Each structure stands twice: as C-alpha cells, then as structure tokens.
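All remarks here apply to the structure that follows.
For clarity, chains are labelled A, B, C, D, E and F in written order, and residue numbers in each chain start from 1.
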Amino acid sequence: MTAVDLLTFGEALVSLRSAGPLATGGALTMHLAGAESNVAIGLARLGHRAAWAGRVSDDELGGYVLRQLRAEGVAVDHVTRDPQRPAGLMFLERRTADLTRVRYHRAGSAGSALGVEDLRPALAAGTRVLHLTGITPALSDSARAATRWAAETASRAGTLVCLDVNHRAKLWSRDDAGAVLTPLAGYASVVVASADELDLVGEPGAAEETVVAGLLARGVTTVLVKLGGDGARAYTREGVRHAAALPVTAVDTVGAGDAFTAGYLSGHLDGLDLAGRLRRAVTLGAFAVAGDGDWEGLPRRDELSLLDDLQPGSTLR
Amino acid sequence: MTAVDLLTFGEALVSLRSAGPLATGGALTMHLAGAESNVAIGLARLGHRAAWAGRVSDDELGGYVLRQLRAEGVAVDHVTRDPQRPAGLMFLERRTADLTRVRYHRAGSAGSALGVEDLRPALAAGTRVLHLTGITPALSDSARAATRWAAETASRAGTLVCLDVNHRAKLWSRDDAGAVLTPLAGYASVVVASADELDLVGEPGAAEETVVAGLLARGVTTVLVKLGGDGARAYTREGVRHAAALPVTAVDTVGAGDAFTAGYLSGHLDGLDLAGRLRRAVTLGAFAVAGDGDWEGLPRRDELSLLDDLQPGSTLR
Amino acid sequence: MTAVDLLTFGEALVSLRSAGPLATGGALTMHLAGAESNVAIGLARLGHRAAWAGRVSDDELGGYVLRQLRAEGVAVDHVTRDPQRPAGLMFLERRTADLTRVRYHRAGSAGSALGVEDLRPALAAGTRVLHLTGITPALSDSARAATRWAAETASRAGTLVCLDVNHRAKLWSRDDAGAVLTPLAGYASVVVASADELDLVGEPGAAEETVVAGLLARGVTTVLVKLGGDGARAYTREGVRHAAALPVTAVDTVGAGDAFTAGYLSGHLDGLDLAGRLRRAVTLGAFAVAGDGDWEGLPRRDELSLLDDLQPGSTLR
Amino acid sequence: MTAVDLLTFGEALVSLRSAGPLATGGALTMHLAGAESNVAIGLARLGHRAAWAGRVSDDELGGYVLRQLRAEGVAVDHVTRDPQRPAGLMFLERRTADLTRVRYHRAGSAGSALGVEDLRPALAAGTRVLHLTGITPALSDSARAATRWAAETASRAGTLVCLDVNHRAKLWSRDDAGAVLTPLAGYASVVVASADELDLVGEPGAAEETVVAGLLARGVTTVLVKLGGDGARAYTREGVRHAAALPVTAVDTVGAGDAFTAGYLSGHLDGLDLAGRLRRAVTLGAFAVAGDGDWEGLPRRDELSLLDDLQPGSTLR
Amino acid sequence: MTAVDLLTFGEALVSLRSAGPLATGGALTMHLAGAESNVAIGLARLGHRAAWAGRVSDDELGGYVLRQLRAEGVAVDHVTRDPQRPAGLMFLERRTADLTRVRYHRAGSAGSALGVEDLRPALAAGTRVLHLTGITPALSDSARAATRWAAETASRAGTLVCLDVNHRAKLWSRDDAGAVLTPLAGYASVVVASADELDLVGEPGAAEETVVAGLLARGVTTVLVKLGGDGARAYTREGVRHAAALPVTAVDTVGAGDAFTAGYLSGHLDGLDLAGRLRRAVTLGAFAVAGDGDWEGLPRRDELSLLDDLQPGSTLR
Amino acid sequence: MTAVDLLTFGEALVSLRSAGPLATGGALTMHLAGAESNVAIGLARLGHRAAWAGRVSDDELGGYVLRQLRAEGVAVDHVTRDPQRPAGLMFLERRTADLTRVRYHRAGSAGSALGVEDLRPALAAGTRVLHLTGITPALSDSARAATRWAAETASRAGTLVCLDVNHRAKLWSRDDAGAVLTPLAGYASVVVASADELDLVGEPGAAEETVVAGLLARGVTTVLVKLGGDGARAYTREGVRHAAALPVTAVDTVGAGDAFTAGYLSGHLDGLDLAGRLRRAVTLGAFAVAGDGDWEGLPRRDELSLLDDLQPGSTLR
C-alpha cells in the first residue's frame, strides 16, 4: 500500500476493433480502452508510479483488463473484482478513413457500478495527483457520487486534482453533463477540455475566455484547451500560452487527448515549467496519433525526443 | 407474406470466438449463433423454406445478424429491429481441446425483449412446422409468454410443433426450466432432448422411459433423445429405435444438436419414414461436428451422402 | 415474383484480392465483384428493392456469389445456376499505393454464357429502372444479344433504362466497344460515362459536348460524366450542372463509379430533383472511395449524412 | 543445359486453399500444386538435380509458379511462358476433417496447352530418370501426344521411365484413362498406382496380381501399389515385398502419393536396393501426411531419420 | 521489497513460433518462454506470490519479456536490464504433428550474462521456495556460479530448494550437465526429472531406484520422476507413489514439465499432503498439454477442477 | 560456373517485421533483407544475370534466405553454408507512421564471418559488375578484408566496381566507417551515397563538391548522390546532372536506395547513357517506396513504364 505519483479511476473497457465494416463481419482485435487507464499508462511508460482503481468483471474479460494494466506497470492493488456484473465493452469500427464509430455495451457493467467504497483504500494509500474525467460521473449514480467524493477528498487533502471534461454524447446530454461537471471543476487545479466542450464546465454556450475566467476565479490554476492538429492553449493567471502540435503523419487520433493530459501531468510531476509541461503534452499527443491504438504508441522516457525534427520515412539503423 | 416450411424464433447472438485464451487477448472472429437460427439454416441449406423471427438491434451488429440469415436463405421478413436495445453477444473460448466455455452478454438485449407482437405476423403468414427451444423462455418474461403463445397458437391450428429442450445452465436453474418447459412440451408433437435434460420435461430425476411415457401420454408423437457420439434414440407409440452416429472425426461439437433436429425436421418435411428422418438427423449432426462453426459445415442437399463410407484423408478430385 | 425498383444483370465475379504482390504469394481474400451487382447493392442498402439477374456456377463459388447478394438484400429469384461452367474470377493486386491491377479468369465462365432466356422472367416480373453496363455485351455473343434485347424490351415498355459505359480494355477494344455501345445508348434515358470513355457512345474522338448533344438528340434525357476527384457533370436539355466530389481521404477507388450511378438512381427513385440526384451520387461515390472494397463501404440510408462536414480523425462516441 | 537426375513435366497449378467453407468466403492461401512438381521438389530437397518442364502463364500467377519451383531448387530452364493462356487454378476446400474437395479451373490454361515442342529441349539436355503421371495426358490432345512422345523417346534412349497412374476423376472417366494409360505403361520401368486405380493400366476390373503380371510381362520391372496408411507393396520379377507405413499423426494426406514416388526414385538414384527404396518411399510419404501442404513438409536429406522411433509430442532442443 | 512465496531465476526468452515450416517463411508469433518463468506464472495464476529474477535486454524485446511477466502477476522488482546485450531468442517450429524443433539464438544474450549480483537482492528480500533448473548453469560460467550460490545460500537459510533437471541437449552434453547438476542436487529438497534425465543427478546410466536412493541419502526429501502421458512417480523416505496423468487430448506438450513442477510447489505452499501435491502437479500438467503455448493454458485457482471427469467436446454454457 | 552480369556479396539477414509495437507482441512476418541482395534482386527482376555470395547458416533460417534468393532468380552457386554460426537477424518495427526502427541480432552470425575464401570462386567465375556496400566491411575483420580483396581484385581485372556507402550507425561510428570506406572508394568506378554520408568517402565534414572532386580525381567516373524525395544528382567529369524522383505515394522507404543503385547498374548493363541510367535508377526507387517491403515491389522489365504519368487510384483492367 505505497503512495503513488498519480491515481486515476473510472471504467476500463474491452475494446473490440474491426478492420472493416462490422456489419460484414470478420476479425476483431481486443484492446484495453478507457480515458483514465490511457492516462495511467502514459505516466507509467515514462517511469512514474501510476495506479488505476475501478471495478472489473471477475471473468476472462476482466482478467484481460487487469493483464493489460499490469503489463504496462500500472498498479492495480485497489481494483475490485465484481463477481456479478459483466465487463464493459465497446465496438470500434473504422467507418471510413476519416471517421471512427464507437458502440458501447456498458450498461449494467462491472465498471459502471463503481462506488465510494471502491476508491477509499486507493485514496488512503496516497497520491501526488488525482486524475478524473467527465466520463465516470456519466456511468451511474454511484459512480457520480464516487467521483465527487474522490475530488472533494483529494482537494481537501491538498492533492492536485486534474479533471478532463471528455464529453461522451452517447452517455449523456450536454445539459446533464454540464450540471454535473461544472461543480466538479471547482475541486480541480487543472481542467482539460477540447474547445467545443469547454462550456460544459461553465455557462452553456459561453465563450472560451469567459469560461476560463470563471474557472480561474473558482480556484483552478491551469485550464488546458486541446485544439487537435492545432496544438493547445494553456490559461493560467499569468495569461495564455499556445503550443503547436508536432508535425507527424496522423494514423489514429483516438487517445490523443488522454496522451496530451498524461504528458502534461508527467511534466508537472517532473517539476517542469509551463512551457515544458506543454511540450511534453503535445509530444505525447503526437505519439498517440502517429501510431495505431489508443495508448499502444505512447513513448518510453528514452523515446521522448524521437519525433523531434523527424523526416517522414526515416529509419533508425 | 408467403407460408414457409419451418418457422422458428428466439434470440440470434453475435458470437465472438477467440482462437486462444480470452484473457491473453488476440483476435476474435464474428459468427452468428443461436440454436433456432442454426435449425433454420440447416433447413434452408437443404432447400426448405425456413423463416426466423425475433428482435435484432438496429445497429451494425444487428445488421450482421440479418446479413448472415439472409445469406443463408432464411426468410427474415418478420424480424423486428429494436432501436433501443443492443445486440446480444456471447464469447466462445476454446479453453482446452476438449472444453469450450461460453460467456453470455445478453441481459437487456434486443433479442431478449421478444414478445407476442413480434411473432404474430410470422405465425399468421403460415408454416408447416413451428420449432421452438427451451432457451427462448429463459430470456425474459415477455419471451416466455411469447413462446407459450406461439406453441399454443400453432398447436391449435394443427401445425406440427417441435420443442428442443436445450437447457442453458447459465440462464436458469433446472427447477425453473422444468417448471416452464414441462407444460410447454404439451403443445409439441416432437420433443428433442439430450439424455441428461430429458427430465426437464417430466418429473425431476425421472428415468428416461418414465419421462417418455408421460410425454407420449400427453400427445407427443415422437421423443428424440440425443446421445452425442452414440447417436440417438427415437420413441414413438410403436416403440423405440436407435440410430448410430456417423463415424467422423469430430472437430467442433457446438451446434450438433441443432443440426440433428434440423435433419429430423427436414426428413419430416420430405415425408420420410422414421428411419429416414433419423438417418438425416444423424447425418446433419455428423456434418456439424466434422467442421468448425455452429452451422457453417451443414450440408447442401447434394452433399447429404458425402460422409457415407468416408475414409479419413479422402480427396475428391 | 414481385416487381422491383431496380433490375440489373451481368456477370458477378469472385474477386481474389492479394494484400501484397501476387507473384510472391500470400493470403488472398474473397470478395463479390461486378459493376452491376455493385449498383444493386448500393440501392438495396438504401432500402430500394433491387434485383440482380445472371448465370452463376453451381458450385461453392457460385454459392458464395449468391450468399453475398442475398446478404445485401438483393433479390436473386431469377438467377440461373449453370451446372457446366465455372465461376468467373478476377485477381486484384495492389501493385503500388496508386495502382491496382486486375487479371480476369472469366473466359468460358457461367456468367459469360448469359442469354436472353436468363433475363426473360426477371424482366417479366417488372421493374421501375433497368440498369445495364457496357461490360456485359463484351462477355460473349449471347450476352451481347441479351443486353440488347433487355434494353429494347424495357425501353419499349416505358421502363427507365440506365447505361453505364464502363469500358474494360482487357475485354475488348475501343472500336469494338463503340460499335456495340453506341446503338445501345439509344435505348437509354440515362447514360453514365467517365470523361475518357464518353466517345464510345458517340463518334470516336468526338468532344464531350458533341457526344452529349448527339445522345440528347437520340432521346437520352440525362448524360452523367464522372470526373473522379473532380466530381461530375450532368447534361440535360436544360443545360449542364456540375457537382463537386465530397472531400474525403481516398483509400480505394474501385467501385466508385458504380456507387455514383447507384446514388443517382436512388435519387431518381426517391423523386429528387437533378441537384438532389447528383448530391446523392457524389455522396455514394465518396463512401466508396473512403473505405476498402468495391461496395463494402456503401451507406445505409441513415448514414447518408455521415460524411457532411467531416473532419479527418473524427470519432462518434 | 546440363543433364539432370530427374526430369518431369505436366501442369503446375496455383492452388487456393480455404481454411473454412468456400461458400462462406474468407481467406485463401496460395500454394504450388501438381503431382509432377511435387515429385521434383521431393527429389531436389534430397539434393538430387531435378527439372520440371511445362507451360506457365506469362503473368503474376505464372511468376508465382516459377518462384516456388526455383525456390525449391528445381531447374526450370526449359519452361515455356505462354503469353496467351491463363494460369491453371484449383480451389482446395477442407470440407470436413476427413474430406478435402478440389475444384479445378484449368480448362484452356497455359499448362494444358503443353505439346511436344515444350519437352524437346528438356529431354535433349539429358536425364537419368523421366517421371510422368496419368494426369498430363488427361489435359488436352497435345498434352497426351507430348506425354506419349516423351515416354517413347526416353524409353528408346534407355532412360528409366516412371509412370504414376494418378487417376483424376474430374478430368476424365476410368474408361478414357485406361485406354490411354495402358499403352503408356508399356514404356515404363516403374509403374506406381494406388490399389483402386491399378486396373487402369491393365484389364478393367482385373485383380491386382493379374494386372501386375501383365505389366511385368510387358517389360515393367517394378510395380508399386500404394496402400495409404497400410504402406505399399512392390512387385518385381523376384516376387512381392510389403513395406509398412511409418506411424505418424496424419494431418494432410494430399501429396502423399507423390512423396512416396519421389522417395522411391531418390532411392533408385542413390543406388539403394528395393528394401531401401521402399523405406525411403514410405518415409517421404510419412513426412507428407505429417504436415500441412502438398510438399511443404518434405524432408531435407539430413532430416530423413527424424521420424524414426518418434514419440508424439517430442521436442528437439 | 516484500518476501514472496516462490523465487525463481534464469533466462526468459522471446520465443518465435512459426505456424508452418520456417524455411518457407510466413508468420511468426511472439511468446515468452523459459522453464523458470513458466513455473513462476503457474504459481502466480493460482494466487501465490511469485518472483522471477534475471537479466533482460534494455530494448523492445526485453520490454516484451517484462510486459508478459508483469501481466501474469509475476514480481519483477529484481530484474536487471542489460544495456549491452540483446534478448535471447528461440525459434519454435512444428516440424510435424508429432515433432517440435527448437533453434536457440541465445549465445551472448542478456539472460546468459546472469551473475551472483543479479540474484543477491531478490534472495535478500526473502522467499519460501527457491526454484532452479538445470538450464541456467548451462548458459555461462557466471550463470553457473550464480545458480550454485543461490542454491547454497537458500539451502543454508532453510529455504526449500527445488531443482528441475531439465536437460537441454543443444546447450551442453550429458557429461557436462551431470558434472554440474549432481553436486547442485545436494542443496535441493525437491528434485524433479524426467525418467531419461534422472541419472544426470546421479551415476551416469544408473537405474532410477539407485539414483533416487542416492538423492534421498544426500538429504533430498522428494524426488519426482515425470512420465509424460503416464503421469509421475514421487519418491520419499516413506516409499514411492504413482499419480496417473489426467486423460486430456494433448495439443502441445511444451511446458508440461514446468506446469507439473508448478503444481507440485503450489500444493506444497498450500500445505497439501503428497497425494494432494501430486494431484495438483498432474492437473497443471494436463492444462499445459491440453492447450497451445508453453504456459498460456495454465489454470486460475477457480479452474483447477475444470478437467475433472471431462467429456471431449463439452461446452460450459 | 558461368559468368554473370552482376556479382554482389555481404550479409543477407532474416528480417522480422512487426505490424505494431514490438514490446506489445503480436505477429511478425519473415522477409529477406540486405542491401546487396536487394540490388541483386533488382537486377534479376529486370532479366540480368545476378549472383550473390556470402555465408548463410546451415539451418532452416539459412534455408529461408537461399529459398528467397533462388525464388528471385539470383544465382547462389557460390554461397557457403556455415554449420556453426546462426543466421543474422533484424527486427524491424514501424515505430510511427514516419519512423522505422531496426534492431540487429547479427553479432557472431554466419554472414559476418565472411572471408576472402568465400568470395574467391564467385569472382573467378566472372562478372561484368561487382557491387559492394559499406555495410559488409563493418561486420568483422574478415569481412572487411574480403571486401577490400574483392574490390582490388575486380578493379585490377578491369571489372566495373560499384560502391554504395550505406552507413549503418548501429554497426560502427562515422570515424571508423570513413577510415575504411575512403580508401575502398579508390577501387570503384561508381560511388553511391546519400547526401549526409558522402563525406565518409572524403574528408569528414567536407562539402559535397569537395568530396566529389576528390573522388573524380581518384579515378571514380560517376558519383551518385541520393536525395530521397528530391531525386538524385550524378557527377561525372562532364559535370552534374539532376534527376527528379517519380511522383508516387510513398508507403515504405526501406530499400529505396538499393533499388536506385540497381536501376543505375541495370541501365549501365543495358548500355544506356547517363540520363537513361538515372531515369531507370529513380524509376526503381519509385517502385521501392510505392510498395511494402525492401524489394518485393521491384519491377519486372515489362513493368518499367507502369508508373509513368500515373494518377493515384488508377486501375488496370
């Protein structure tokens, strides 16, 4: 029961990826998916002690989830095996070269039954950073309560809390999300959102600057706005700073936002200044989009500079 | 809205087969699964007009189910697309060479929401045989009511009703199954069961002869007891007849029982005598176990004699 | 024997796609191929009643062709099984990222033996649109006669006839093609051609405007000139209208022309005006090029708007 | 243009193997097939100089055939590339665990157009053994003439001629085969046949001993009767000798007869006595059935003793 | 640095398995291999705390090894990353259905550079059982010294030492092995060997009883003789006890011996009597041979009884 | 022992390509790799007589290397099988879409033990061109001596010698490479280098013009500077000439330089002028980058013009 650098929690899904159209059948490949586990893996790959908490089915699919997390060096000491509920699943179909479609099979899953008691021991063991996303509170009443409890508890204990808004339109409406996430953001030091979901932690429809001002006023110290291929903006009380994305050939954008957050938090744990934290954030984002998979392409610490000044078609030999 | 030779209904699942252990991940292949759809395919391959009814999710996975049924020539005119509920899934893992393990993800699925209204038009269109299994009434209250309604309606209309007991221990207990299936058997002309599940349509724990006598007394004309590699026994008021299994190398026993039933019903539709019906039943069973997949190896009509006097390692060229 | 919205006929091939160079061996995947069946599938996916007629070998490969057509909901009631001739095949090799090479094995195939008698019952059953391509008359004398007979019969009956020129240089010369297709175009209301094959239904080497003028003068109401990534031009007596292609990442252009035609005919069947028909045509073309396969990526009706305003790397979840 | 140890000729096919039922589609793998090329490969693997002659299409599929032959060290100096005719194909489907089904697409193929002129240079270059099969004369009139010419020419020159009857029921009837093969056997020193095809080189329906006596009387020195899992019988003027098959787990019997013949001829080239030749014959047959593929599992010379006294489940490490 | 139930050490290899013959190319799959890591995984799957120590290359292949060990819950806290030496590899080819062939590429590997300093911290952390094999001392002088040091140190500290002879003929001769392993056995409480390698821990060529008597006289408390499909014999001072193998269909015997040892040691850790320890040993051996892979099929604790009274072709559903 | 058009020598590796990250495991595919064998294959595909010499392990992996070379028509008469040393391996991982990473396992390999005696018979048999690369002298002392001996011997005999610098940073430093390659270049008529490695055959850090001037002064007649997507520059005493790259979609740049060199030497053997030689060089380079694999996409002679004026998405049919 050792303290970790980062604790995160939520639902880790078994993602079934089809190479072609789902309706015509064919092979599927299994992957671990989940915004929170992506962040944990991103940090573990860089050598930070990262832990993930949540509920996992007590069958082969739950075993698969744990195998993958352990393989990546993420601590799973405080994971609850649920003997009653099945694993949460998602089907991921590359509908066209430009469009990926996700179908969730997670209603009533083990992961969605997360509650306060599942998080208590993990939080008690201690962490420097607590990371949460706007997905977990959308899963169930108990998961919402658990998220709030964890945010409040960590915040009170002086632990840095990071909230990634991560709106999932297939789980809840923008109105429902906003009503839950806006108060939640009050516990966070770092808030991460893409440009089109930022108003879910502010007034619906409000401009970026307005939402940011409100967050900073409520005690948030850093607001990170993800801009995809355009990089990111970071707002602090000192002002705004833009970081460009690294120029890479994008092959799979899923997981890029989580990689960005992981990079930022890694920079924080390493004591980098804002420019350094942003640089690491866009670097991890670049690795995520430059390879297949949600997290499989994330870098080890000795790989962090691999994409610097890279020519397409390079070979290291 | 033409009459068919055989109508069956139930839940058709998307079966995800893993080559190796599920927990270590890897590739899965998609298959259509379902005892009732297996029977429908068995008959359609032999040239009979077969229809399947049920509820199917209104997404790519539901589309996959319909694609497979249509591909096999099974009429799906009376299938309901369910816009709310997901597809029923199962994971099929070859745990060892001798042991296959199935995990269902079908609670709350489109298929389990089957109700009387889903079956009314299909039954109204007319059929010579109605086939039902003991799986459907285990899915939900509405599915149980629909099964009973269909059996009663068809029976009253003089349609031959065939019931395959098909006990699924992961869906309900033997006690619950027996309480539902015993009265249901009263509507059937043909009852099919493996030796160890026969008492689910009689007194719990009763001997085969006792159960058979009871069924025949209640109006069942034929009781078929599946014996796996030992073939089958057929009981009628004329007595009992045994049919040996065809000697083939077994590679996958899943679906063998459904193939047996399909063969029997095909013989019935063709007007064969009992010996001929049993011969076709064990022939289809042999095709099912001699190839991979639940139904993929079932024969076309011109292939029915392929396994007669077959030497292992034969090549047709 | 119900009337359909669209009837088409021709040869449906088993296409064997290699991932790498054919000469170095490796895995091939089976696909259904054929310009006419592509069009039929395109319409069936959108909910129109589409039928395909032709001759198919009476073995497993012919069975494969029928399985795929049925799976896609294309009516195959009037398909002839040929007990003597083999299936037509093609090998499709991605020679480079930009160049696909096709090798036909279709001489003497079941499909090439198509004759008038194979089409009579299908045409008698009734259709709103008859679609033909310039490939079918290149297959054999009997196929040429059958194409002409069908065009003439349908035209006389007031059925809308659509001809897609679809020149196949490996089957016949431009001269031979022109001599057959130019008179054939006289039966058509809609003529579709790419810019470089338009003069096959006019004077060899004639300019686009000249050929179009001639076609309109001969009774064709709409001439569609496919321009690939540049969209298409539609000529009617009212003048010419251009439709831009949808901006998508192209991964496989095979089948794009057939998708375009299917979209146009779907718009016609839905009663759309010319702009609407063209919009649907370029939309189906975009789906075809945005995914692998000749027809596998074609949209269901509820997917028609998926590509509107699409950002590369989008995820629906 | 060096003399070789063994020259053989015929048609080499591209064999497309499906893992599951052909009609349900899926992946195919490409293989080189052909009884004569199997024999050539069997000898080349053992270090003998083996050459194959025949006609091969002048495209990627013909290129594939040559690549495989060259890869195995079979000399192809005297192969003719046919610029007009396509490659001969076959589809090989494992219908059940015990039954393999072959569909030929070889009518009009490059290989079937074989003629005397294709063989003249190869025969002129010199060989110690000429091997022919009863398949080649079934392909076309010219192939039949070429086979006869080669047999006669070699026989006259004192070259050992080996004929493997290899009846292919899908190419010609037993009557047609017998009428051609019986005279052909007169040129041979070694005749190989399975028990049920032996009478194709004698009186139809004649007993084994009768046919053998006739062959020996006509100048054949050795008659080899293949008995599958029961080994083989060798008849010479000295009498009959039986060789048992090696006890191996059979996984694919296709090619076993060719392997047997290759082993026998290798023993002949090495100067072994009859017992030694038979031992090598059954050894190669055992390797063929113990692995997948028609020839892929054949042994190198240093592997010849690998199967001696083998326990199932052995590991060399 | 917590004490564990079992500590083992050695070389963990990246095993590259080919589906067909290596020489004809094709796909290879990566697996973790190593007798010691197999034992550690077997124990970890049953819930014991197991640790593995050794040297692993500091690149992606070393990363793969660690990922697999961590995934299986084996503690790798005391593994040394070697920045200079490459990963040890092996190629595993299924030469025939009955014969597997292994080719090592491990000379100069990271794993073979194992030395005393690599083991010191792991041993210092404490363990109830130390497991060693006769493979490690064959790797290098330093590995031999390290093995001896560990055996002596653990033995002196009263830790139960288990030695599995595991002779690898491709690494050293029987003479060399015997000279090293015989003294090593003196430190062990449990010695495991197959019948044909038992004399490597005794007099060369000595009978089983003689060797056993010598070992028991030298302080070994239990000698386990593995008999493959015939089960095993266990010798103690109380006498000899035989355990039959479980009747399963064998598909891959690699790793069966390690599974047997893991089962025995698990029984020891659970405090079972000799009969119980042997039962668990043959149970794990049965799981190993009943599935593909060296360790992939090993059971979780709740699966231990799955193979009891199993009928071939069973399905759990 | 016939004279050839081109002789080359070096180490041919078994390259193991992973589709995804190596550390997460998965499937690998086997390929033949080696700059020199790439050049030999490039020439053989165009119909030139090409030979490759070197040492190859005497096991299945060495057998694989020879199978591939023979398959491509490269003469391997003078290859030495090494009974002691293993095959050289490399792992090739697509780290991101833009970055490929190679890990060598070639220390102590059969190929690296190359010596003068391995080359003597091949050189004695005669060749019009001798091709060498800067990789071979980096493998071992004996390989360095053999390279120098071959260059000197051929140069003295008036054979055209071509040297491709091909610096491999993982094998030796720039300083070490320069010290060996600079004198070696003195034996060459043609020197090929990428822009950033040109100074390895001149003064370290010297400008392109300076190095070129020095080489021309030392007797080199042509210096080819490869510029990747920017084409190439050719320097002769007449001056400099630039050739643009062909505009193709690049999918795999590995092997492009070798293809370029092969094209140049093919042009030389065909007697083309400098412009023609450069045109063929960039054409082969284009084929190499336009397809997967190091050499698999290289053109046959009849394919040389396939890429001229190619539109993306073209289909030949």
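FYI, contacts are C-beta pairs under 8 Å (C-beta built on N, C-alpha and C of every residue); 3 or more make two chains touch, one makes a residue touch a chain.
Just so it is clear, the structure is predicted and the values come from calculations on it, not from any experiment.
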Out of curiosity, which chains are bumping into both chain D and chain E?
B, F
When the contacting C-beta pairs are counted for D-F and for C-F, which pair yields the higher total?
C-F
Most remote chain relative to chain A, going by C-alpha centroids?
D
Rotation angle, chain A onto chain C: superpose the C-alpha atoms of these two copies and give the value as a multiple of 5 degrees.
120
Between chain A and chain E, centroid-to-centroid distance (C-alpha), Å
40
Per the C-alpha centroid definition, the whole-Å distance linking chain C and chain D comes out as 45
Report the inter-centroid distance (CA atoms only) between chain A and chain D in whole Å.
62
Chain D: which residues touch two or more other chains?
21, 24, 63, 67-68, 101, 250
Specify the contact topology among the chains shown, as one of line, ring, star, complete or other.
other
Sort out which chains touch which and give me every pair.
A-B, A-C, A-E, A-F, B-C, B-D, B-E, C-D, C-F, D-E, D-F, E-F
Using the touch definition up top, name the residues of chain F that touch chain A in the complex.
20-21, 24, 90, 95-102, 104, 168-170, 228-229, 250, 253-254, 289
Complex contacts: residues of chain E adjacent to chain A
63, 67-68, 70-73, 300
Residues of chain B defined as touching chain D within the complex:
71, 248-251, 287, 290-293, 296-297, 303, 306-307, 310-317
Can you check the complex and tell me which residues of chain E touch chain F?
16, 21-31, 59-61, 63-64, 67-68, 86, 89, 91, 93, 103, 105, 107-108
